[in-house]
Every structure is written in C-alpha cells, then in structure tokens.
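To keep things simple, chains are lettered A, B, C and D as they appear, and every chain counts its residues starting from 1.
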C-alpha cells in the first residue's frame, strides 16, 4: 500500500457561489481526474457576499477556507488563480486587483458591463503579462472545434453565408422579474446571450465589421422582483435581430433572444460555403451537421461526438456517450490550468472578450441610430 | 351500364408548358377527381412559344387544342380561365388581355417584374371585376392554415417574434448560369423565393411595415448559359438578409437565399408568442411544430398532417399519408374553380401579390439606401 | 389553333369508389400528364355495389359510364385494364373473371384473403399470360429504390441486420369498431399492414425463410360498428412482433401494429451492413438516411428526394419539393400502363403478392405454434 | 478567513482504473460538489493489477494510496465503500470479500458472468445486510424517471406495447478483435449491452416473463487481438433479436446489437398505451418524446430536460443545458452515498442485477432451444 505522490498544487480562489460558482467548483474537482494536468488545482478559498454565504458555499463546493473579503482572497498566497463569478459590475475591480497581484484571472462572461471597462481590464492584464480566460464555455465543445476544422480545411469551399442565433425563453413571460440581467449597465439579451453566438461567429469566421440591428424591448415593464406587484420600466432589449457583415465579406444574420418561447438553448448556426455547409444547435450539442458532396447521394450528415473529436476522449473512450454542459466548463478549466502553468495564451482571453463586447455595443449603437454601423474590434484576427 | 352526366364545363387556357405548366395541367386533371367541384375544368387550349412546342405540350399535358398565339387562346370562347406560366416579363400583357376579355386570370408568381406593373394589373383586374389568383402555392398547405388558426385562436398568446427564411441551393455554384432568374428586371433571390416567405409572413402576421436589408451578390459574374465559358456580370442578389418590423409591432428577420448549399427547400418560419410558438419547414411539409403549456411536461409538439386538417381529407382519409408539392397546386386550383364559379375572391389575388412585390421592393430599396425603409403596402389587412 | 392528336386509348374499368378507388382514379388522371406514357388511359367504366353508388362515384371520379354489375364491366370491350379496389373477399372472383377475359388485372393488396386463394389467382394469371399488378404502393417511392441501389452496389458491405416495422394507430382505441380489417378471413394487423413492410423487406433483402412470432389481440372485443354498444370478440391480431431470418442468413425483427398510439405511418426500416447502413421511415418519406465511411467525419447522411432519384423528376425538376402518398400511386399506374402496352412483367405482380401472403401466414402459424417456422415462398428471388 | 468544517468522511476503495474506473473517480469527485451529500466521499485507495498501474491510476484519479492487492484494499479501515470496475470474472470474489468485510459494494454491470454467480453474491449480500449498487447508469437519467412517472400516472393509459433496443457499432467490423466482451463466460452483445435495455424495460414495465430469441454470431471468427493475423472462433452473439412478453401481458421486441453499423448509442425504447406513448433514445438523452391527446392538435411532444426533472437541477438551474454520460454516474454515486449513510436500499441493487442476468440467460436459452421460454426472475416487483 503506497502513498501517492501528488502533483504540484495550484491554489484556486473562487469569488461567488451561485450557479456559475458551483459550475466552476465542479470543473476544478473534475478536471484533474479527467485530464492529465501538469499540476493539481486545489480549491483553496471561496469568497461570497457574507461570511455565512461564503462558509456555506465553501462547505458545499469543497473549498478549504471561506471569506467575505474578496480582496483578502486575491492577496492570499495560497491562491494562484482568481475565478470571478460575481455580479458583472464587480468584474473590473476584482480583475484589476488580481492583475495587480500578478495572478491568473478567470472571469465569467461578459468580461464587464461596458467595452470601455473591458478595455481597461484587457490593457492592464496585457501590461502585467498575466494569463486571462473568459468563460465562453460553449466554444469548448469539440463539435465547434470540428466545425472550425472543416471550415479551415476548405472542405465546404469559400464561405458565403452565416445564420446565427442564441434563443432561450427565460424572460419570455411578461412577469419574469427584473434582475442583474435587465440592469441598464451591461444587461439585455444581446449582451447576456448574444455574446455567446458572437464569440462563436468570431471563432469560426473572424471579426464582424458592419451591422444593422433591431434591439427591441418586448415588455415595457416587469415586476421589480419575483411575484412583486410593483413593476418597473425595462431599459434593455428582450430580442435583438441583426444583419452582419464579416470583415471577410461574408453576410448573414444574428439573433439574441431571451423571450423565445419554446426554446431553452437554441444557440445555433448554419454556415454555408460554395461547396458545403455546417450546422449546429446546442439543443443537440453532441452533433454537428455537415453537408458536402453533390449528386444523388448528397445530404446533410449528422456527425456524433466521439473520441476522435478531442478532447471528448478525456471523458469517454466510446462515441455516442454525450458530453453535457458542465463538461464544457471542465474543458475550459483544463485549458486554463495548462495556460497557467505554461504562462501561455488561453483563448478566449480578455482581449477576445473585449472584441465580443465591442461587437455587442456596435449592435446596440446600430439599433439606436437606425443605420448600419461599421466598426473594428480590438482583435482583428 | 349508364352514361354519366357530366358537370358544367370550365375551359382552361394554359400559357406555357414548362415545369409550372405541367404542374398546372396536373392540378387541373386531379382537382376534379379529388374535390367535389361545382364544375368540371377541361383542358381546352395550350399556348407555347412555337406551334411545335405547343402541340407537343398539349399532347403531353392532355389539352384539346394547341396554338403559338396566346392572344388567340385568350379570346377563344372555349376558354374561361387563363393560366399564365409564361416568363415574368409577359405576365402583364397576358393578364391585361385576359382582363380585357373578362376572363378569370390565374397567374404564376411573381405577379410581374415590378410593383408598378403589378399595380397596373391589379387595378385593371379590380376595375373589370374579374377573379384573380396568384400561384403562391405554399400557402395552400393545411399545416400553414393550422399555424394561422393557432395564432388567431390566441393559443400562443401575443405574438412577439418572427424568423422566416426561404433557402435553396439552385444557384449556390458560381457556375450556375444566368437565366430569367438573374434578369435585372424582376430577378434575384428575394424576388424569386423571398416572395414565398413574405407571402407566408403576411398571411400569418399581417403586413410588414419597416425593413433594413442586405441584398448581396455573392458571385460577381456567371456563365451566360449552361457550360458556357463566357461570363456576364450578375446584377441581382443571391442572398438577402433583412430585419423586419410588422405593422403590428412584431419584430424579426427574413432571409431569401438561393445559394444556401445543402438546403433544397428550407422555406421555414418560427413564430413566438407570449404563451407559445409555432415552427415549420417545407423540408417536412406535413408537420407543424407547436409549443404551448409550461412546467415539466412542456415541449414542442410535432403535429402530423391528417384528415382533420382540411383539405388533407380530400387526398386521403387517414393521417400520416403525406401531401406532396403537386398536391398544393391541386388545392390552389380547386380554390380557383370555386372562386370562378361563385365569382368570389380567391386568395392570394392580384392585390395580395402586389403587396408582396411592394415588400420585395422595399427590401431592395433598404439595401441600396443602407438604412431602414418604412412603407405601406396596397393591402394593409 | 390545332387540334391535338391523341395517343391510343386504354380503357380503365375500376371496381370500387372508396378511398382506394378515388386514389386509383386520381392516378389514372394524373399519370398521363406527368409521365410520357405509350398510350392514354381513359376512365371508362366504374362499378360499385349499387347503381346509385356507381353513378355518384363515376361522376365524382370522372368515369364515362357506371354500373352495379362488375361482371359487365369486366367483359365490356371498352375496358382493357381491370382495377380492383373491392372488399378483399371479392378479389378472387373478380380477378378470375378478368383473367378469363384476358385483361390486365390491377388488384389492391392483399391479393386475397388466404394464400391458397392468392395461389389460385396467381396460377390462373400466369397460365393466361395476363399482366398483373398489386398495389404495394410504398415500393414505388424513389427513396426505396435508392435504398435498393445502395444495398446492391455493395456500398454498405455485407448485409447483417434488419429491423422493420409498420405501425399506425387506427385501431389503438378499444372502441375502434369491427370492419373488414378484423374479419377472421384475411384480417388483422399483420395481414393489413404487415404486408407492406414484408413486401419492402423482400424487395430489399430477398425472401424470409424462418420466423418466430407473437400475434396478439390487445382488445378481446370491439363494438360491432361505430358507436355501437354491442361488442363482438376480436379474432385477429392488433399487434404482431416477429423474429425473421432471411434466406440470405440476415437476421432481424419485424413489427406490424395498428394499435401503436402516436404513430400514423411508421412504415420504417433500418438495414445494417458490414460497412454502412440505410434507414427510412414513411413519416419522412422524402428522405433516406445512409451511413457509410468511418473516422471523425462519419455520420448518418440525410438524402432528400430530388430529380436524380427517378422518377421524382416526372413530378418536379427541383429537389426538396416532396412527393406525397398519392404520387406513389401515380408511379404505380405509370408502370402498369407501360407493362400493359409492352405485355411485360409489372412488379410486384400476383406471384410476388402471393409470396408476401405466404410470409404473413407463416408468421401467423409460428405464433399459434409458439415455435420457429421454416418455409419457402412461391418466389424465392 | 475561516477554515471550513468538513463533513464526515466516507472512504472509497476503487478497484480498476480503466474507462469505468476513471468514470467512477470523476463521479466521486463531482458528486459532493453538485449534491448536498450527508457525508464526504474521499478517494482513499485505488487497486489495480500491478503496483505501477495502481500508482499511476491513483495519481491520475486523485486517490491517496495505491495497491496491487485488492484484498488489502477491501480490508483497509480507511475504506467504507468498495467500487468494483475489474474484469467481470473477478466481480464475485471481490464482492464476496467486501460483503464478508461488511462494506457497501458498488459493482459495475454485469453483476457477474453467470446468473448462478450473481445469485450467490445477492444472497450473501442480503444475508450480511450490506448496501449494494450496480452500475446500470442509464437508469439515472431524469428523462427515464420522467417516462416512469408518466407511465405510472396513467397518462398514456393501459400499456400495450414495447419496443426496446441497445445498438452500438463497436464490434461491427469483422476485424474488431476478441476481448473480455467475447469471452464465452458472460460475454456477448445481449449480456454486454442487452442488459441495459433489459434493466430499463424492467424499471418501466416490470419483469419479462416469456421470450423467444435469435442470438446470432455474425462473424464466425475475429482476430485474437488488435491487428493480429491470427483469428479465433467467436462463441458469443453479435446481434440478438428477441420477442418479449412481460408478466403484465404487454408484448414487444428487444434487440441487443454491437454490430449495428452507424449506431453509436441507440439505447432506445417506444412504449405505447391505450391513450398515449413515450419514446426515448440515448442518442438524444436530454429529451423524452411523449404522445398524448387526440384530435387535430395531437402530436409527439419533445420534452427537454430541465430543473423540473430532478435531479437535473443539481447540475444546472436552467433547462436545455444538457446532462452528459458522466453526469449519470454522478447521480448514481450520489444515490449510493445516500444509501450508504442511511443503510437503505439503493436501486438497482444486486437482486435487481440478478434479475437482469436471469433475463439475459432466458434469452440465450430460448435462442438455443428455438422455442419460447417462460421464466421468473428473482425479483418479480
């Protein structure tokens, strides 16, 4: 019976223990089991708004220590990576403190409430040379990577058209209440979930350069809180439709919609080329549809995720066994640990998240101006 | 053994014997067998560009007489209904002659090459009081009618969003040659097939009042004819994406695309409301997807066409037996015969087709102007 | 204006004007428009149970004359092809009379109520040398032909497994009444619809040689007629599951089920081979799913029906426009006319229908005996 | 900054560090983060065939100690739960030792290589009163639980028919080599994956009481190992089709097939009742299809997994975010920990796994005897 020599420890400091905090904690627990990581992430400190919340969260999520003082967490020597799942408005001060402490920063999307804020964060991180990562987890799906490979390989020819969408229904009822999501600072459907399809569009086709848009508030007011009779005006969009032109010349449309009754996760795209096409929906996240060929036997092929689609093989050696949402976060964390140890770039980083945010703001601006807006993003790829 | 007393005869004069001509002839043959029509359509005269083509066409399509003189066809006493499947540029003179002869006019879409021309035809037809019908056959699908019933019933609540598309791939290759489809007069994807999704959008949600659009020519030139080495510039759109606002306030997007590699007939829509949604694609034309309800058992329901969805029952008494494309034309012709006999309105008529064309032109204008265009159509419903 | 020279006339005598009679009449009307037939079928005489029914039917379905005397119809010189859509128990005497009159016989499935009867009909027809055709219309689908081509080509390797089903729901309610379908002579799910999947299985994989089966009556009694309070015992199966071994050694399962709640037309199969697979369901009758290849981009391909899949092109020159159920009957009638004129074999003929019926009876026998039954059919292909 | 008080520790001893070992380790790491467990599972000792393998496995999977002596692991005081992922032939001695040590036993399926062996294990465990659990993880899917709830509620009426299948393609090639899967002792498709669909069938509809079956070896020999030129005869089935009668009288079919080219995980069923139906495939494991209702708006409803389907909510508070295969194991482990702490029954336990194995053997016996086999299982529910 031998004691096992452990890998070097990387201390994780997690801020926030809500849905995303738990998702992070699970990823930090699972990633070292599933991936052959160069070091062992250890759940060191959890910070939350109060001591009680922090201790309850730390106990539930397997952290060693708890605190209500996120600045103490950041400066603690036991912590190497700062994972930020706090409200969006706090992302900038937290990230700035972590950067100042020369720590790796892993921040949930959106990077911040405005592009200006995100730009400050990006520039500070780059000046300090710290590793950054932003939680656009849907990009981690091996099927998205497969789509990218197919596009890059030329299999579907010159890309001609794009049709992207992120539609859910969590605000479809006029009685869904206000929350951070409807905060005029950084809220709205296009910022909240439109950012996901924008990040995928950029990953697959490069930067968007021109937009026309229609950001629409469907319900003029909503309850101030769950079941409240008091209603307050809504200042953000529930449903945004946009026309997009990529820098490459590809044209298409993009929708961000949190009032799409019947849709729980239609984060989807169809990309057509002169010789073929790829299509995907997060509703069937373990499949990619690929069209190529011609003649009597041409057709859309449904490719199921399997061990040939790295890093699916880390989760299961047999095809058809399905990755789930939380697994995407595990992949994200495994990449983060690799980048932290090698001090290399982790994509999407702050700069990429800034470019997404700039795209969101261009869409919002185009909608206000009722005209096309041409813009360039901080990363032109 | 008794001779059977025939119903009154309605003489059909068909101009054109191409794809659509054959489709019309088939519908005139099948409709009286499947529907209990008030009179019997008889394939009387077929006109085509030459005597030879006309005689061959008439023989193949079961017409009694043939002519290369469409004016003679129109004025012949044996003809009561003029069915026009000739090139678009001829729709106006043919329809005008038929109207002058006080005959029912059944014209393929688009009604004409410009809205101005379509307006002249509409006004002439209304002044003369003749019955008109335009071949937007996809509207005849019982599943589209079911969608309309569901929307009208309030089952899916207040309508909030629209997402419509007609995408095919017949011009997806840069070597697909010029044809009437690429004629600067009335050609292009948004006119050719965009008109179908516009007609459906209007049928389901009423007139579109405002658009922003991006009409794009993907391939700057195409062969002048099949396999020709000579190429000529393309002046029309291959792919159009538009933002739409309906007069009702509903917002959404619309795509017309004949270069959508992998799509043969994605004439589709998703319409969401505060309580539910409906979705449809012509790729599965015998199904309507309907979302309603809430809680643990809510989900999109796949309703298969059956005899409860009139007039499916005219084709088959059992569900699941599928209507096909040509059956839609049979329904269209059955409606036409009913309207002809009762001298009643047949929808979509010339005025409705004009409104579709005005919408097409507003989209084209918005794309040129790079700004939103507000407009009103000739029928505001 | 020229009169059109007609093709030679082929007189059609149709017996029965119910669902299938109408379906036949429509096919005889449409086939000459859509196909380039060597002669023109003319709806000459319709026979039904009474003079009134026959005249009403003939008027509705476009026949020249009507009679309550089917023997007169058969012997009438104006009639060349006898189309039988009468109750199953009458198929034998009608077909025998037609054969005696040396006329082409086009009989609805099942060929007769017992294999013994079907054998008498087959032998008489072959002795007389008349053309025969049996209405297994689902075989006419170009997608089924494509499946056959793919299997024959070796693309999916050596065939290993079969999974077939015909499931509908028209008898799923315990209150669905008795009808000819529940007649102990020739009734039951396996005879009524099992015959369809058997005919497809034979077409694609050759004869079935051994079966074990479970023919089950779900509801012991049913109303004697619609809404009747009187109930009578059911003697036939509602739901049959069978194990099958083909003569080729391929193994699999087969289901015939008219009590499959939720299924309107799941006439489906999946056939696997050492290198690939094909799958089909009549629920999406314009698609064939084909799996071939291996590696990271292997997947089931969804092939949509189009003009490259003969004879789809007779209905439409563009893909994606969908054939419907009635179109299958049009193809069947076009084949019949070709065979009649050339005096050639029309498949499936009486002998093939007999082999299907022998397979049905082997299944029924295996279920009664509770053991495997080995058998051979009248056509071993 | 407060240290966090930990929950009581439960020591885990894992035997085996292959695919399933890793899957277990991941579940033991993730379950305490995602579930509010009554105690904290700690990865104490990992045993594997050699010291090297054990130490490497322990390091990779996060265990404190490693050993090549599984008996030492079982008797170690630091271990409370024995998780067995070793070869099937070792399940009995390992479980017997664990039972003798009065430890909770968590064994991968199949429980053992024969029903006789499984019976010995079951009886020993019950005599000792230890908690047992067997890894039929697909049962843990909330969608399967939803299907059960729907069936139990009566929503789909009296159950009438069953159609079940587990089809994969990992042995579809004649060159897939021998492995433990083809061992005459406990191997073959019906034992390996047929057991999954049998366990689901039993969970949803109760015990199967009678079977007829066709267990078939497609390829008479296979390479003795990967890429070996030497081939050895295959003694087990590649593809089994069976007819089943449940004790309740429900009839149906069942397929187990590891040579189903094109299928990676078609673990699927369709269960019909007098008023509705449910259908599921693991290929879309986050959906359940439910048919109920009648009339023009009846249709199969696609219910997506969400937080209302316990314990999906432990993984994500929003619907549509998908559980994956490994998450099913997390649920299994959470149930195991609960049962261990409460000393309560964990389902499926050894007795249930024994009943599955008895069903497998009845199928094998029926195939050999070429007749129906009536049997009863050790749990008749």
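Note that contacts are C-beta pairs under 8 Å (C-beta built on N, C-alpha and C of every residue); 3 or more make two chains touch, one makes a residue touch a chain.
Which chain is which protein? Per UniProt: A, B, C, D = 1-carboxy-3-chloro-3,4-dihydroxycyclo hexa-1,5-diene dehydrogenase.
Just so it is clear, the model here is predicted, and its values are computed rather than measured.
Common neighbours of chain A and chain D under the contact rule above are B, C.
With B-C and B-D as the two chain pairs, more C-beta contacts join B-C. With centres set at the average Cα position, the gap from chain B to chain D is 54 Å.
A straight line joining the Cα centres of chain A and chain B is 43 Å long. Separating the CA-averaged centres of chain B and chain C is a span of 34 Å. In chain A, the residues that touch at least two other chains are 263, 300, 304, 306. Put simply, chain A touches chain C in their complex at residues 146, 150, 290, 295-304, 306, 308-309.
Of all residues in chain C, those touching chain D in their complex are 156-157, 160-161, 163, 165, 172-174, 212-214, 216, 218, 238-239, 241-243, 245, 251-253, 255, 257, 259-263, 272-277, 279, 291, 300, 370-372.
Within the complex formed with chain C, the residues of chain B that make contact are 1-7, 19, 22-23, 25-26, 29-30, 32-34, 36, 45, 51, 54-55, 58-67, 69, 72, 76, 168, 170, 263-265, 282-285, 304, 306, 315-327.
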